[in-house]
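Letters A, B, C and D name the chains as they come in the text, with residue numbers starting at 1 for each one.
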């Protein structure tokens, strides 16, 4: 994929965040990686969505050095880079402050898998990171945020649960592309909204049975997935 | 009704789901049946709403064999088929993951009939299915989902309560046509939303009096219904 | 005011209900009265908002006899007529199933006056009617609904609290015109929504101080009201 | 800045309130100050947003005397003036009845700083004023509302927390310009909405750690802030 195509895709993915109404103001950022060249394309910092164009996207290498672009990259860039380095299978990352996902992150609760809407996209509870210490914040807050996510996943396949809640902060999601990362951000917000509505009806609501969770997840993502159309 | 007309109606009903904002992404599907020929027209699996056209609708017989169409039918097709076989009076079926209805399904509570808004469309609480066993999920999950719905209704007229919550999953609704099924999906989501708001004000809220429930339901659906305009 | 002008105003007021997004489907109706002739113009029953035109409005006398129009008047017409007969100062009536107002009506709680947003439009709690008996429902449900509202107000000026919750059903609002009645329906829904959010934060929240309630209400509606522009 | 430019900016800022959907009807007002001339431009009282034009804005001096304009200024004008006199660093003030902020004001709770979304814009809890006495309401309610805000801030920098909840009433926000004041009104409503969702998940949710709050606030507003683009 050419870098120009990736700029287009990342710009479009950022705009999609706003069209889906899960960002307020400039509160979100999406990136994608060109694995061959080791370059990441990301939204510039603090630019409103109505002024975003592909040529404003910033290109950085995996150490964070700006390679192309006149604007500053998103302040969250180092978090994205840590994720790309630790999770070789992912191609795009999204960060938002979508309200219901943030509420679970602020309440510091993993989102239990209450039903099939959740199981269709996330193989178990939505994970939550451990809080950052004062020392971690002081040394390199953005990188440490990424490292806290990576520690939370350990050896787990990050595409089985392509989403995380950073404690006291908000969600990061990812996927094979920038567009996938944005879709997962949209799905996480909806999963979080419905989970909140569920515990409002019954605070003791229980997760869905494992055999249902497993069936729904495999139907969409397993080796013999039969949801959707064959694309090959 | 010609099959082409049915394709148009089913496509339109699926699009209406999105216009009413009760689906996110591709999370919903609507079908209709041609009772004379025993053919069901249904949305293809995993296709976005902005690309849906009548010619993409899939035609299957009551055993699920694709009769017309190049795309895979919705993964929930076998659930629809079970409903058509068991409920001869229905002409359309809709399935969504609309948030408030899903929340009651996940909390595994029937929605009490708290007032006239509910009574106007559903003759009593919105029913809830029993959970599926691991064996049922393993044998034929989609058909077993339909059978769980059918068991829940027993000998009841399915048009008196044209809606159900599948435990841990979400709502199915139906009606005399695809358009009616979608309207009932919209009404159920609104009924569920208002019921959640009601128990947030008073967790011990009581159902509306039977004589009011009965009056409102009969006013719209009884033998001498006088709501609306005479259409004959 | 000519009857044609009143038809236009009533049609427009009904459409405004939908533009303000406080009705779903056909769940609302607005009327206005020509006091000189004793004629009431009201929405036809069960007609969608996208097909409403002034010539479809139905004209009835104060006994409910259709004087002009080919369609059936709203099934709630007799409730409107009781209000016009009992409250000579009102010129328009609106009925909706707006979700938050319905939730309070279903929870059968008056909405306490928690703050100035409420006090600006309603001089004290939003009143709630007593439930209807089976005998009342059996004799003339729609008229009895109106009578329950009238009994709730007694000798009170109905324009000081131009809104009511019918227990287990939903809101009726009124005003000097159909447009005013609709505005009060919009305000009631917002007042109800914010009241629900208030008790979610503190279930023991207290009403605003009387001196603030009184000041805000008088600022907008008292004899020397100074809100807005002089219209004379 | 010419007065005409300020009229344009204030009109635009008022319209932005409605575009962001945080006002219902005419329930909001924004002003800005020309510090050199000591003149304040403010929305007229009770005029709908669809009829607002720059020439309808009212110009008053810091004592509240109308200097230009045929319409009455907002009834809340004296509150704005007290804020401009007490807080020399601010250039614009906004007042809304946005629902979630009003709910916290009605519940009379400061909004705890539960996470980074909040910390990015407000350096600690959103403050709440003390209630007004009957004597204060009787003497000069609007000015006393401003004075209650000023007392709540004491010697604190009003730009560190550019927002306040007036008990039993609703939010006032401010900033360097009318546009900034409106953005802060939008942010406060979102912060309030997410805080309500947070305590719905865990009523005992705790504020974010001080070191995270401090880092996020300084990243956007500290002397060496590095969020966004250099604008010099």
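Going forward, a contact is a pair of C-beta atoms (placed from the backbone, for glycine too) under 8 Å apart; a residue touches a chain by one contact, two chains touch by 3 or more.
Not measured: the values here are computed from a predicted model.
K.L.:
Could you pull out the chain whose C-alpha mean position is farthest off from that of chain C?
P.N.:
Chain A.
K.L.:
Same or different for chain C and chain D, where same means more than half of the interface numbers show up on both copies?
P.N.:
Comparing the two copies, chain C and chain D contact each other through largely different residue numbers, since under half are shared.
K.L.:
So if I superpose chain B on chain C by CA, what angle comes out, to the nearest 5°?
P.N.:
The superposition gives an angle of 90 degrees.
K.L.:
Report, in whole Å, the distance between the mean C-alpha point of chain C and the mean C-alpha point of chain D.
P.N.:
33
K.L.:
Let me have the rounded angstrom distance from the C-alpha centre of chain B over to the C-alpha centre of chain D, please.
P.N.:
Those two chain centres are 46 Å apart.
K.L.:
Quick one: which residues in chain D touch 2 or more of the other chains?
P.N.:
Touching at least two other chains: 199-200.
K.L.:
Taking the touch rule as given, give the residues of chain B at its contact with chain A in the complex, in rising order.
P.N.:
These residues of chain B touch chain A: 24-25, 27, 44-47, 71-72, 75, 97, 99-100, 102-109, 131-134, 137-138, 141, 168-170, 196, 199-200.
K.L.:
Contact residues on chain D for chain A in the complex?
P.N.:
114-117, 183, 186-187, 190, 193-195, 197-202, 205, 208-209, 211-212, 215, 219, 226-230
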